[in-house]
Structures are given as C-alpha cells and as structure tokens.
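Notes follow the structure.
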C-alpha cells in the first residue's frame, strides 16, 4: 500500500514553494528600494522553475521538450527586450 | 544636376533632401545591378538549359559552400553599407537644434492649423522663409496624424499627448504639397495643405500683412488670466504656487528629489497632470486642466510661459 | 477506378463537414479561401476604379475607407495567412512525410470551424456597416474616434487567430513526430522546412495579436484608456504589440511561398535544389530574425532613435537569408533541363517579383529613405510585390503543380500558361506605377488625390483590370478540369517526392504500405531519365 | 496498466501517440506564454512610466487574498502532480479524489478572486465601470487596474477551463483507466501547472510592489 503516496520530491517541491511564498511576501515589506522588485521577480522565477522542473517533469525530460519549453520563454524575452527598448531609450 | 536624371523624380528642395536623393540613387543603382545580374542569369540559364537543347550539362557544381559563403558575405557587406548610410542621414534629418524660428502646428481631424509666434495663424497652409531652418512644434488634438512634405523628403507622425519637434528648411521659393500620411479617418485624404516658401523679404511682408491684433504670447497671457492661473502663479497671491517668470529652459528641482528641465513638454504636462511632477517646496494643490483646454490654448499658454523666460523671477 | 480515393470513400455532407481527413479539410479550406479571395478582390477592384480619377466619383470617403479596410483584413487574415499552409500544406504535408494524417486530425477540423467562425464574424462586421480603421486598427482612432464595427471585426480576427495557432501547432508536431522511417531532417523537402518555420511564427506571434486586439477592444468597449494618451497611455505601445505579430506575419505570408518555389524549380529543372542545407536553414533564420525587425514600421512614429537604429539594422540582416534563397534558386537552374510548364512559369515570375519586392524592402529598411517613403504608395507597391507577386504567384504555381494529385485530373496546359503570363504582366502594370507614385509622395489610403498623380493611377487601374481577368481564368479552367479533365497518372511530373508515390487522388489513409525513405530529396537525374510527360 | 484498445491510424504505437501529445501540449504552452507576454510587456512599460502609480495601485490590492490564492493554487498543482505520479487502475479511486480536490481548490481560487473583485468594486477601483480616484497618481493607478483586471480575468478564464478538464478527467478515471487516460491526464496536468506558473508571476507583479513604502 505504498504506491498511492506522493513521491518525496513532489512533497519537497510543494513545501519549498509554500516557504518561498512566505519568504517573498515577508521580503516585500522590507524596504529595499529597487531591490524589492528584483527580489520579487527572482523568487518568482525560482518558484516557476520548481514547478516546471518537478511538477511538469522537465527534470526528467531532455532534448526536444526542453527546447520547446525554452522557445516560449526565449521569444517572451525578445518581446520584452525589444518592446521595452523604445520606452527605455526615449528622450 | 545628377538628380534630374532619375526618372520621374523631382529633386528634393532642402539641404537634407539632397542627401536622401543621393541615398535613393545609391539604392536604385545597387538594386538595378542586382536585378540586371539576376535577370541576365535567369534568361541565360532558361535559354541555354531549356529541355531538349543539346548542351554541356556535365560537371555540375556539387560542392556549393564557397558560393554560399561568398554571396552571403557580399549581400551582408552591401546591406551594412546601406544601413550605415541610411542611418547617418536619418540622424541628420531628425536633429532638432534649439533656437530657431518656431512655428506651432496643431493637427486635428481633418486640418492642419499652423501658428506663427507673432500670432499669424493659417489653416492647411504654412508660409515660411527660404534658406532658414524653422523649428516646428507639432501636437495632435485627436488621433495620430503624420506631417509629410514630399518635396523635402520629410515626414513625422504627430501623436496625441505629446509635442513633436521637427526641423524644416526649404531652399527654393514655391508652393509644395503638405500631406497627412497617417490614416486619420473619414477625410484623411482631404487633410492636405501647402507649404509656401518665400524670399525672406516677401516673408516679412507677409507676416506684417497678416499680423493679428495680438501675438500668441499675449493671447496666452490673456488665457492665463481667464483660466485663473494668475490667481495662484501671479505675484502677491495668497495661494503659494511657484512663480513662472524665468522658469522656461531652466532646471527645476522637484519634490521627489529629481530635477527636470522646464521645456515645452514639462509645461504641458504640468498643466494637464499638475500633480505628477511637483516643484520642490510646494504643495500639490493645482487642479488638472485636462479636458478644459484645447491643444490650441495649451500652445498659447506654453508660449506665454516661454515668453516669461527673460523676466527675472 | 477500382480502389476508393479520399474523394470517393463517402459522398454525404456529413462525411465532408465532420471529416478528420487532412485532404478533405484542405478542400474545405480551399473552397472557403476562394470565397474570401474574391470578396477581398472585389474590394480591391472597387478601390482601383475609384482611384482612376483624382476626384471622388464612385464612392464616398467613408465607403472608400471601409473598402480598403475590408480588403486588408480579408486578404491578410482570411486569404494570405491561411492560403498555402492550410490548403496545400494541409494536403501535402502528411503525403510528403509518408504519414497517414496530421498528428491531431480533430484539431485540424476544429481549426477550420474556428476559421469559419472568425470569417463569418468579420463578414458580419463588414456587411452590417463596415470598419474604417484600416487593417492595422491603430489607436486612438480605432478606440476613440472610429464610428464603425471595430470590435466585431477585431473579434473575427481574434477568433481566426486561434485557427492559425492550431494549424501551426499541428504542423510542428507532425513534422517532428510523424516522418516516415528514414526521412531525416536533411531528407525533408524544402517545402516542409519552410512550413515548419511558418508554423513557429504562427504559434509564437499570433497570441500577441490576440492579446493586442483584446486590449484594444477593452479600451473601446469600456472606455478605459490602455493606449489613450489623455490618461497617460501610449499609442505607440499598441503599435509595438501589433507589429510584433504583424511583421512576422509577413513572413507567414511569404515563407510557404518560398517553400513551394523550391519544389517547382527543382522539378522543372530536373535537378536538386542548389545549396539545400543553406536554403533549409535560411527558412528558420528568416522566421527567427523576422521577430526582431518589427520596429521598422515605426521609424517616423516617434519611437526612440536608438530603437529605430536597432530595428533598421535587423531589417537589413533579415534580408540576407532571403537573398541567399534567390541566388540558390538561380543556381539551381544552372545545367538543369528546364521545362516551361505552367508551374515553372509561376516559379520564374515569383523569383523576379519577389526580388523586386525584396530589394524595395531594403529601400524601406534604410532609415533616411523610409522617412520619405513610409505610408506612401511605395510601401503599398512593395508589400504587394511580396504578397501578391510573391505569395499569390507561388500559391498558383503550387496549386497547378499539385492539382493532378489533389483532384486526380489534368488541367489545360494552354490556358494555364496563358493565365500565368497574363497574371505576370497584369501584376507589374498594376503595381509598378505605385512605386513611382510613392517615390513622388502620394500617401496611401487616399480617397482623393492631387491631379499630378493621375497618370500612374490610371496605369495602375488598367493593370488591375487585366489582373482581375487573369485571376478569374484559373477558376474556370481549373474548375472545368476538376470534373472533366483527363485522368492524371500517379506521378505526372515524374517527381521523386513521397506525395507522388501514391495514387492520384490518394486513398483515404494516403499510402497502402508505409513508405521508407532511403535517399535525399530531389534526386531527379539519378532516378528518372525520362522527361516529364505532360498533359 | 491496460493499453487502450486502439490508437489513431497516423501513429505507429501507443508510445508514439503519447510522446506526440506531450509535444503538442508544450507547443501550446509556448503559445500561451506569448499570450500573457503581451500583457506583461504593457505592464512593464507602464510601470516604467508611472512607478508611484503602480506602487499605489498595488497597495490597493488585497495581499491576504492574493497570498492565500497563491498557496491554494500551489497546493492544487501539487495534488495534480501527485495524481499523475501514482496513476494506475489500482489507485483509480485516490486519483479521482485528488483531481476533485485539485478542482475544488481551483474553485476556491475563483471564489476568492470574486470576493477580491467585489471589494475593488466597492472601493470604486474598476476602470470603465466605476473608477473614482483622483490625485496625482490617478492615471498610473487606473492603468494598473485596467491591466490587473484584464490579466486576472484571462487567468481566471484559464482556471475555469482547467477546472472543467480536471473534473472531466476525474469522472473518466473513476472506472478502468487506460494509458490513453494517463496521456490525457498528463496533458491536462501540464496545462494546470502552466496556469499556476503564470499566477506565480502575476502575484509578484500585482500584489508585491510598493509594499515596503507608503
């Protein structure tokens, strides 16, 4: 009767996510100036990475699946980079 | 003049348009060479290697990489040259030096309204002296328009919500088309006017003939009082508001610790969104004039405040 | 005919409208696209008639604005973008890779229904009163000032976008997963490489259009200013978002055409495509770099000069792979054995017209000249050379090439060649004068114009009349041949591609036995000594 | 696990089909990334233009509800991942309950979101319907709330679709699940996790800015 229990990595990821959630909310109230945004987005990225690696099983995938998962992010990067370039460099 | 030799091409009439024409010629020559080579090869191959024609078809080129690399490199180098050329002229065209004869352009559905500092205003026309750079300050009342003078090879969109500077200069007297080039609704194609370039003497005659009773600055000053601005910004008022004399063009310290230069945009923003950039040491009490003043009136107010630049504060 | 083909397995309406057979879905798309093509074409005809004189005589300004908007929306989203991918692509992709169907056949059918829903919504907007924003939906005109069915039209485009996404998804997965044994990437026909690149754009760009139109409709419907300068919004943000999709969309409209041209040139030169790997990777390079150039639509819009500089540079870069392709096609002809059948005439026309379109694209990428030429007829001429001279010509070429496979019948070579030549001349007469108009400074979207521009407009309208007749011709002789033409053999062009290894038209699941691939594509001279047998 | 009896003719094997389906979902997720990408670009552009307005807007949101919702969604994702991991005929019952649990958590999320929306409505913070906020930051706050409502509404729509998927799968998996259902569940799970990932970023962008200043 062990086959219904969740594997340890899943539980670990879940608890880790909740811990990171608590951390990010706490840190949001600490005045860090521009650092707040950096911290919030960094922790967000770590959380998303955890979900992708463990829940979405990317940890066990290779090759094509990773390329496809990365492609969306890469193009998002293009959109954000070139899209905001105009607004950042306007005089 | 070499420019007259381009088919169907009327030479540009401003200092920069000469550069643009030269660039256009360069592009045309490059394209013509490429097209000639390509069409020659296509015709040659089609004729020589047509099916049934007995000719040497042995020793086909199999290893292709050196061909590929050479035409990739050749295209790339050509493109790089064109890019640098085009970019350098572009930066010349859109350069806007400060102190020049300012003309104010308000675009609205579907007309161009232009105003000279002396108060002379025109509709769908703009008189300017030749051989003298004119700085246009353009604003749109409603949608995006685009100020386009083909003879000067010059165009710029006029986006609502901001002032757009543009420098124009005409070499030769004459009447030239002014078009709206950005689709702006029903009468878009009717939003055309003319640029009238005159000899400096004729132009000053024209200015005097057209001279209205009051200049833009004085109309702005009148508005300044009518709208109640003077109640707070005027000397000796009870409400404490920053004085506006001598402000224009100077750095202004803001309450958030930063500093801005009091240019057209800052003054415009301060009228429409007074509480976004509050001068250090003052309370954000000024009401917004968003929706209460038109672009025309805004311009007059800005010009009025600008005219106070010389006064001591 | 003893065995059943995909056309004869079942004749009920249900068997057509609930089919999951990629070939039947391709036919459904084909029929819908003809319909949309002629609606968009009718609008174009009305525009050209109106522009024959400088004054307004046929229609009012409001009607004129609705006409060019309808022409743009219908032609871009309901003809060009789905044209080659959804008809020829849908039909040929599984055949070319030796598969029995696409990876997700039901998704494929769904995408057609979504497409039709989007199409009907847009048609409703057009016939209920029209849209006058131009196909670009620029704010704040579309959100605050336009007095027409903007939201409905945008909804139609929004819905059709999901059809594009599903098609792209289907092609990507199919090409990855369903290739026949032995069909490695470098053995794929180049048509598939270009469709793959197209699909990447469809999947990654279309959602941005969806969200942009959604924001625009929200602003218009609720009166909230997302792009409204009066409350601090920025109209240029809309343009950035819009062109993030709409510039790559141009490559959606040309890459499949380039793919078809590879097949045609090599087949009718009886020779493999010169520089196969370069051409293949150029497709992907165009798709990737095509995402980095959208700001070249905004050189005069007031975006920062630095942004303009970067976008101009990228625009020159993206022209490199296109140039490489043109050189490779020309080199393919070298020492070939060239047949001038109708598809080849289209292919040659494509090379010429596409090159002119591409070179004038460089004019527009060139910052200083773009300041003069943007928003004039120069731009109109340029993109028609790419989209009509390029894509539509390639589409007709591909249609003729695969027509025997699709219908199992042969068309009249005489009429096909006549139409091809007529299209070529009609096209040039219509659009070449527009370059001159643009260089002289005639702005686009002008209903009335100064009389100095009339000569070129008359020429253009005259060309359009020829073009209209030429585009109608295939409807008749191809339509005739579909029912009364001579039966086509399985491989009328003597081509080595897998799609020719099954009967014409193919059976329901394409192949009797799973084909196995053992060699590179386009092995014309080694496997076939015979010249193509023509109709 | 019993193999499903048939697979569509375009596939060579069950494994081939499953592998293909997974790839399809990943392509779909790439599309979705760009869908939210447009909104995120708009968000960053306006946050860059109106930093105080966005900080103020953020402070108007309910961080308690936001945090609770994040925890709810993370837990729901965990349940779905668990269900995928242990999927077999022997565990059909547990899998069904896990999926129902995940769907219920999804519903909790939607309900909390609804409560939050109604609070914002009461505070007159809904642009286009009832927005009454004056002052220097009004423009920035309004833009913040427009983007907030559009983004969270689209996210909530994704949640609703996901909940329907999970409930359908729960109903199917109750009896004799096969490999085919495992593929379906795996695909739905990837989608559900993706919606979770989107929320993680929305949480950081919507609720957290401006908390450390007044």
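When the chains are written out, they are named A, B, C and D in that same order, and each has its own residue count from 1.
Methods note: a contact is a pair of C-beta atoms (placed from the backbone, for glycine too) under 8 Å apart; a residue touches a chain by one contact, two chains touch by 3 or more.
Protein identities per chain, from UniProt: A = Cytochrome C oxidase subunit IV family protein; C = Cytochrome c oxidase subunit 1; D = Cytochrome c oxidase subunit 3.
Just so we're clear, the structure is a prediction, and the values are computed from it rather than from any experiment.
Steps from subunit A to subunit B, taking the shortest chain of touch contacts, total 2.
For subunit D, the chain with the farthest CA centroid is B. Looking at A-C and B-C, the interface holding more C-beta pairs in contact is that of B-C. Averaging Cα coordinates per chain places subunit C and subunit D 35 Å apart.
With centres set at the average Cα position, the gap from subunit B to subunit D is 45 Å. Those residues of subunit D in touch with two or more other chains are numbered 23, 27, 30-32, 34, 37-38, 41, 45, 49, 139.
Residue positions of subunit C touching 2 or more other chains, listed in rising order: 176, 204, 208, 232, 234, 236-237, 240-241, 244, 305. Of all residues in subunit A, those touching 2 or more other chains are 64, 71-72, 75, 79, 83, 87, listed in ascending order.
Chains that are in contact with each other form these pairs: A-C, A-D, B-C, B-D, C-D.
Against subunit C, the residues of subunit A that register as touching in their complex are 64, 71-72, 75, 78-79, 82-83, 85-87, 89-91.
Residues of subunit B that touch subunit C in their complex: 8-10, 16, 19-20, 23-24, 27, 31, 34-35, 38-39, 41-42, 45-46, 49-52, 56-61, 64-65, 67-68, 71-72, 75-76, 79-80, 82-83, 85-94, 109, 142-144, 146, 148, 150-151, 153-157, 159-162, 164, 177, 179-190, 192, 273, 290-291.
Residues of subunit D touching subunit B in their complex: 135-137, 139.
Residue ranges on subunit C touching subunit B, taken from their complex, read 61-62, 65, 132, 134, 138, 140-141, 144-146, 229-230, 232, 234-236, 269-271, 274-275, 278, 299-302, 305, 308-309, 312-313, 316-317, 319-320, 323-324, 326-328, 330-331, 333-340, 348, 351-352, 355-356, 359-360, 362-363, 365-372, 374-376, 436, 439-441, 443-450, 531.
Residues 176, 200, 204, 208, 234, 236-237, 240-241, 244, 291-292, 294-295, 298, 303-307, 310-311 of subunit C are the ones that touch subunit A when the two sit in their complex.
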